[in-house]
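By written order: A, B, C and D. Residues from 1 in each chain.
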């Protein structure tokens, strides 16, 4: 941290800052030039820099490094690879997670899942508890949906991911799912982040549609602090003025995360665009940009889906997506 | 759908609307009061409402399956007034809620609260559980903070509002606070909304910094559906590209909510601007725009506050705010 | 400017920076602590700081002051007051500028202007050249519109403001208008800014709906650099995700500009909201926040207006606006 | 309005649509090709198109009085290919346009251009007239820059593109450049759009960083209306709250334009990200998403560039970009 004092700072103002710096347990050294006093400290946290900024006659505080320690790439530059059964997320292979937005019935779930299994998908997404803007919209099958997921796993050997809305439901989820999903609207739900941080299951964390990169990584940091190292980051579009898509896919975040963090990153082209016909081109873009996988909404009858029907792709579109993705994956030296 | 015709609509204009309504297959009935003709239809879709809006002399179209039925202004146009002890939020009087961002210590809390009490404030805001972006920032005193609020009430007779982060803490809050606060990041936390919907306490619901007006009203609807009619809406700034303030205060939402809903609206100028020196002018603007009150962060030593130190105003600034607000309130025919 | 070198910067890297600093004509001094070299320079421009940031082993560059010299408040803290005939913009009085979006006909222009004159308005706004998103929309009467403005002035003694789109039209405008208006979409049109910077007429500069505060002030700086000191800044809403208004009025910019600049600021509530029914409350808010005036779209038959019909208020609404604004103005110690 | 039915629409589905079309009073005709039924109606409003979109088995509704008639895909679905010497933009081949942000000197321009020529680039970008936010920043070499471009063409046979800021400079540009560039800040400059609409030269139109898709296409429509059919659309990032990049690349607009328009689309990864290290991954994404080319800022000494030095890639990075782009291009069946 570099603290630059105002040029008319008096001795007491500087003492003031140093007292706080010492209180915070930070080592420091002082530089004087003709004009201004500059205080350098070795280590800092955001909190402290704000505290210091607010002291009288402090002109600037520059924080030398961002503070998500566990999320950050370590010295050895090792990337985290997450095992889900015989799948490895974050390795050479591109991971496909696919399935319906909501579980609507056993028949619907099994029909879609079986098709996807035949297409080579090993991890099925399907929502049991749904967040909906309107209290009058379909809210998901709840625990009954979880039970259907359990049956699906038993009968097909597929792995499943489903969104958890409340940390008190964790025991129920841990009995069924292979990956816990934190939805975009819960990216800031600290109690939930802390709870899944103590789980033995991998966590897929979606970026809030209004989160900065820093906030996104800090939410992952909450999970890693609990001891759970298996976090998958998921970009799903941000909210902007642009109105021809549901959200704006922030494609650049894929390489930007790769530069900063050791965690795998996947992209959700369905929520990012909200338009079925944009899902394939945007998915290819995500793979080319370095994403470790995709999470895609698929439905056998999208027009009749209970939720998000405009963005789910059809079963045959999914097969086309697989076919075209394979070519891009090979072009960048990744497997499938 | 409620179609309100302009008061100078002629017979033909009304016929015109009815023809389209029939074309669209909607059942309808007509209400006439002295001033205006109102056409009610039983069922509708957004699309139709656009068609109708475009007809001559149609003043408003309210789509009922936009679905916030309870939040919406009712036929009698009565505004909800919320009693907190001897305060009335939503009446003629402008309500001031003020206090520190976080409870830091008994001394700090009492010092600020006593000053505010002397300045005429009856409702104190003070956070016990704090949401922080970074896991390394100060997270609040928690249950110990609640206990300090209980002592404050006992000793001073002040009312208190504090933010609840987890619905499982509701019993603890119900024993202490007079108003439950739902923070911006929890505006979409359905379980929390449902839980406070069953509480006997009034709820102050903050708008998420990325919520549309429709989403904001839907979150209130979740609370009202539980039977709790006492919801106060709070605008606290939205996230935009603009970078000289922490958020962008969306001042227009105050009259826009008043046009649609019977619920009281207050403004939080502290989070909206994030800058101490903008709090007073922006507060005056909020009152002039029709807000029913303000929620302001105040600290006796803002530079040493544990959180949000850049935006808390000083005690003497608060007194200036009161003085200047009173004049605006009187100019628009409201009391103080 | 403070230049912090990376801790593994070698001698050559530091030499490199110093060479550039010297090339740019900046005086400097060097600070060494155990860890890092820090170079302080006395004076800088944005351009240079970017140049330096990009040099090898430069870790941070902190620019000590922003660079709009002429727009900035000077030592004496004098505010600019702009004379338009017997009106003074930026003084004690709140200035009202009102009129139709576009000049549609002589009859329309005179009808509206005469009403406004009777209501006490001295400056009429009316567009001759219109920017329209679609090439198929009404583009304004052009030079014929200017001619109608000239007749209006002659017959009524009113002052007029109208938007100039092309700097080659300046001679025509200078013969007619009393204030040159630069529209939001031209805020970055440097040639136009430079041209009006050499005019003897005051300039009303609208903020682009996507401009930061800094960019807005820099555009004003372009005009002041040409020698024209009479610039009025106008906030008219910014583009955000929020969709119930046409734009989002950034009310905080009024006091934020007042803190930084000596120039008067007015607010355009019509474009900011795009909704007739929000114009009055938002106008009152603007005055309470410290705006020096308002620019409002008024039409005698808004539903039939050729452009922006949803936002123009009716003549009787304008009179109500005046009545209610007067009370707010008096409450904050301003005249009318 | 063009209504495209899904290929598995049954007779009843089509009847359904026709019933509504008749109800709305629209004349229509029906086209059948082997695959799909297409219904054309003569006249429509946005509202109606929403009504129709919601009917079962309706795949697309194209509203003609959304009004970009010339920009829109025609019935034959032919895509526009633009000839620049022996280059074809919009064909099978991916077009690379590269060069420095600004022309700084003859030496700099030729050094970069010659390297790019050897790497296979045929079209050089280089700014002579520069738009800068601050009046104190480097504003370009102006006409002297154009002269250097002329020399470059003569000596190397390369084609050049450069940004025109003022329509009165068109004769000077027409003598030198092969493609006229309209910058993002001039996307709404109607006089400039009209002027280049009458030029014989192709125009590259950059999307404003705050333009909706519709506004972007309308600006192109202004050019096509003048008779100039050779417009290349260029996405270069939009302004959002996200702050780790200079802008947010809106990758989805590439396929979204391809669905609507016959014009070629390219992507500028340099302005979109503002970060050198993100240029390559984002470029690969653009090609995978279907872009017809890239426009990239390259500099032999980016750290010393007079403008935008943080985003220009180094010569050797450009060669890596070419190498990796070729693989993606081949994977999607395009040449290079």
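Everything that follows uses one rule, which is that contacts are C-beta pairs under 8 Å (C-beta built on N, C-alpha and C of every residue); 3 or more make two chains touch, one makes a residue touch a chain.
Keep in mind that this is a model prediction, so the values were computed, not measured.
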Given the two chain pairs A-D and A-B, which is bridged by the higher number of C-beta pairs in contact? A-D
Among the chains, which one keeps its Cα centre farthest from the Cα centre of chain D? B
Whole-Å distance, C-alpha centre of chain A to that of chain B, is 30
Whole-Å distance, chain B centre to chain D centre, using C-alpha means? 44
Which positions in chain B are in touch with at least two other chains? 210, 214, 239-241, 243
Which part of chain C faces chain D closely enough to touch in the complex? 20, 45-47, 50-51, 53-56, 67-68, 131-136, 165-166, 168, 185-186, 188-191, 208-210, 214-215, 218, 221-222, 225, 239
Where on chain C does chain A make contact in their complex? 2, 4, 29, 31, 33-36, 38, 40, 59-60, 62, 64, 239-241, 243
Contacting residues of chain B [partner chain C, same complex]: 56, 210, 212-214, 238, 240-245, 248-256, 259, 272-273, 275, 277-278, 281-282, 284-290, 324, 327-328, 330-332
Could you pull out which chain B residues touch chain D in their complex? 23-24, 45-48, 50-51, 54, 239-241, 243
